[in-house]
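Two complexes, one shared chain (chain A), two partners (chain B, chain C).
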Partner chain A sequence: MSKHEIRSPLPGTFYRSSAPDVPPFKTDGDPVSSSDAIGLIEVMKTFQEIQAGVAGGSIRFLVDNEEPVMAGQVIAEVEQ
Partner chain B sequence: MKLRSVLVANRGEIAVRIIRAARALGIRTVQVYSAADADMLAVKLADEAIEIGPPAPKKSYLNIEAVIEAAKRANVDAVHPGYGFLSENGDFADAVVAAGLIFIGPSGDAIRLLGDKVAARTVAEKAGVPTVPGSDGRISSLAEALSVTERTGYPVMIKAAAGGGGRGIRIVNDACELETQFPQASAEALASFGDGGLYLEKVITRARHVEVQILGDGKNVVHCHERECSLQRRRQKVWEEAPSFLLPSEVRQKLCDSAVALARSVGYRGAGTVEYLYDDETREFYFIEVNTRIQVEHPVTEMITGIDLVEEMFRIAAGAPLSIRQADIKVRGHAIECRINAEDPRRGFMPAPGKIERLDVPEGEGIRFDTMLYEGYVIPPFYDSLLGKLIVWGEDRAACLVRLSQALERLRIDGVPTTIPLHRALAADPQIAKGAFHTRFLETWLETEFAADGGRAAEVA
Partner chain C sequence: MAIKVLHHGLATTVQDLGRPGYFHLGIPLGGAMDRYALRAANLLVGNDEGAAGLEAVFLGPKLEFTEDAVVAVTGADMPVRVDGVEQPGWTAFAVRAGQTLTFDFLKSGARIYIAVAGGIDVPLALGSRSTYPIGALGGYKGRPLAAGDELPVGAGNGSAEGRSVDASLRRLAAAPVALRVLPGLYWDRLSDEAKQSFFADEWKVAPEADRMGYRFRGGTKLSFVEREQPFGAGSDPSNIVDSCYPYGSIQVPGGTEPIILHRDAVSGGGYFMLGTVISADMDLIGQMQPHTPTRFVEVTMDEALAARAAETVRLGALRASLA
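What follows is the complex of A and B.
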């Protein structure tokens, strides 16, 4: 079993769901496919969707909802 | 009332602007900042700076408790809210006053009244200001909506009473669409704003956005003439001018007088802007909304009138009566403002934060650059993309455009993409030179003219 890291391509604010009152895209332990959205990054008031980019049996988030992230920071890990 | 010190409850270029005005009046300045803004220019310029929370706006610049706490700690006399953030939050204005401080702006009640779209429309109608044909306030049923459209015709906008800033709007072209969309719009408004209230407004196609700057001291109100802000992208202003040069003079007079009448009817206190749509063909203007704060584009008004609007805000807040009479407010020449954003106009206006590697600012007669940039500054990703505003004045509009083109050639910001190439192309465009534009002009122009040469032609200096 290997671990794949999902990194933020941009600096900004990380969101786990598409809007404040809807459930998160993924929760810890969920399986993911490559094109699944796992979160949004807000950069200067615009939003960019972050996709898993890899398929795996289980995702684990390392950044909380609404937390600031740096470009290149690991947002989540996927166990393959 | 004493006003010897002020807390600047904002960031970016407007915080710098407020500090400069305060300094000119001998007022001590205290700047609040988030953890992401410790290096910003306003922090360096202010007499004192206080950190108020983490980067996220709602935990810092939108946190009423944290801002009030900082104001008490700094022992200031007043709070200036700038634009955006808490500037149009009536509860914040009340909290400032409850803390025994002066809020630099209108009362909380005035902010709430004029901030409610339906209530503001009623205020305008009572003051004799023409409003966009539509429903009398909120409508409760589809039948009522259909009867309104018999009077207004189509297309109409279904708007959420609690919406704003371009959100909560649907356009319908006939009765059939209205029947389908009305219930959806109501449900959506309830979900988005916690208020399902709707009202209808006729769509004014090919309209200009014209707005009037007002100043009031609670008794007297004057206007500082109008601004032309039709060049917009996604309902955000990109380029603004003063005056609105193609407006017939009798229309200009009626428009400015109506803004004064509206402000006077509510005993307006502070600087404010009354926004209108103007239809070139019918020569009719219609009230849209009132902004109860200083606006981003206020410098174009300052350039043509010689009035420092931010200094006036301080004087009014200190309890002084208006220092200027209407007859003394004269228009001289023409001014244009270009909003310089950290966005790439060739890649869908994608914003990008980053480090300013080099900054060359044009100087000279009639040129002003309001900014928070300095070489080595790292722009944080948590706030809007406005880097600065290039404002240029000329004896007339043609002279202004020539000077603007030259100033844009000399303005250089390295390190992040900017909208400078877009403004160079606009300043060189024959349709812009003629003034032949309306609120939908820019989006079409971007897809045709600008896309055709990729904006590159304007870059060949």
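What follows is the complex of A and C.
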């Protein structure tokens, strides 16, 4: 087993779902594939989709919905 | 000589020092958000300090060079690599034909400036090469860069790599940020409590902040003195009869979220402005990330002019050190 870290490429605000009234892209323990969206970063009136970038057994989020993030900050880990 | 854009980053634009003289016609100043950093990058590679470079915000582009070049990256702390080998910031370095420039994650600050010896040689539009995307004016086809673009580069003056800006002359982003403000024409619209809380509260940069305006939130909602609604003004107490908006002016629509107008701002409208950020501090704003804690500090006109004079001295020292 190894852990893959998913990092935010940008500073901004992290969102777990595509809109306030829809379920999150992923919840802790969900399996992910490489092209799966796991969240959005809002900055400068745009939303950048964050993809898992890796296929793995289960995802665990380290940042809550609507929390500020820094560029390079680990948003989630994927067990492989 | 050209630069091929392999990846555009987030919003990378061609910028020089801007196009003053057209704001009264609604065409903003434009130009680098951190003009000191652009000047430094240009001087490092032997360019005129007003040559056009690239401004990249939060995320660096990926660029391939078709010929040998001398390049410098200043502004935010975002490590730059040539074919994977890290290069020092605030320093001129060589890039060989066929090599690729990439960037690591942003460490601090917000905007990097990439200068290339010879400058980015896009056509002048109203006297400037700066990109004003909303007006589709200037820069590369009036828009931010996209993968596949090829940027023309002018002829350099043979300046060599290796020159570096002394650490004392590099302006690095820090937090919290204090922005000095001269209260302005509509200051009297605020209640006594609001005049006090605006300067006492800590505000934070909102994620919406961009080249047009830097928005802040987190402070106490500002309240206004009672008035009779003037003819021609909107009904909200933050409305005024339409007025010119200076560069650096702070409007607070509804009294909730202060917005500092920056390089690509609109030139007029119907919101009161409580004051203006002094010119010496405008470059600092260009290096502020979302959520940066910020305080506004009241200054007098004399203090603002002294700060401007100090900035001029600092710029003189930069020029002398790279002459």
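Here, the second predicted complex is superposed on the first by the 80 of 80 C-alpha atoms of A that agree within 3 Å, B and C clash if a C-alpha of one lies under 4 Å from a C-alpha of the other, contacts with A are read in each partner's own complex, and residues count from 1 in each chain.
We take it that a residue touches a chain if its C-beta (ideal position, glycine included) is under 8 Å from a C-beta of that chain, and two chains touch if they have at least 3 such contacts.
None of the values given here were measured: they were computed from a predicted structure.
Novice: Quick one: classify A:Pro9 as touching chain B (first), chain C (second), both or neither.
Specialist: Touch partner of A:Pro9: chain C, not chain B.
Novice: Contact-wise, after the overlay, does A:Val22 reach chain B, chain C, both or neither (first, second, both, neither)?
Specialist: A:Val22 contacts neither chain B nor chain C.
Novice: On chain A, which partner touches more residues: chain B or chain C?
Specialist: Comparing chain B with chain C, the partner touching more chain A residues is C.
Novice: Now for A:Lys45: first (chain B), second (chain C), both, or neither, which partner does it touch?
Specialist: Both: A:Lys45 reaches chain B and chain C.
Novice: Does chain B (first) or chain C (second) touch A:Pro68, or do both, or does neither?
Specialist: Both partners.
Novice: Which chain A residues come up in both lists, the one for chain B and the one for chain C?
Specialist: Shared contact residues on chain A (touching chain B in one complex, chain C in the other): 10-13, 42-46, 68.
Novice: Using the touch rule from the top, collect the residues of chain A that touch chain B in their complex.
Specialist: Within the complex, chain A touches chain B at residues 10-13, 42-46, 66, 68.
Novice: Okay, in this complex, where on chain A does chain C touch?
Specialist: Against chain C, the touching part of chain A is residues 7, 9-13, 42-46, 48, 68, 70-72.
Novice: Where on chain B is chain A touching in the complex?
Specialist: 36, 54-56, 342-343, 350-353, 380-385
Novice: Residues of chain C touching chain A in their complex?
Specialist: Residues 10-11, 57-59, 104-107, 110, 207-210, 289-291 of chain C touch chain A in their complex.
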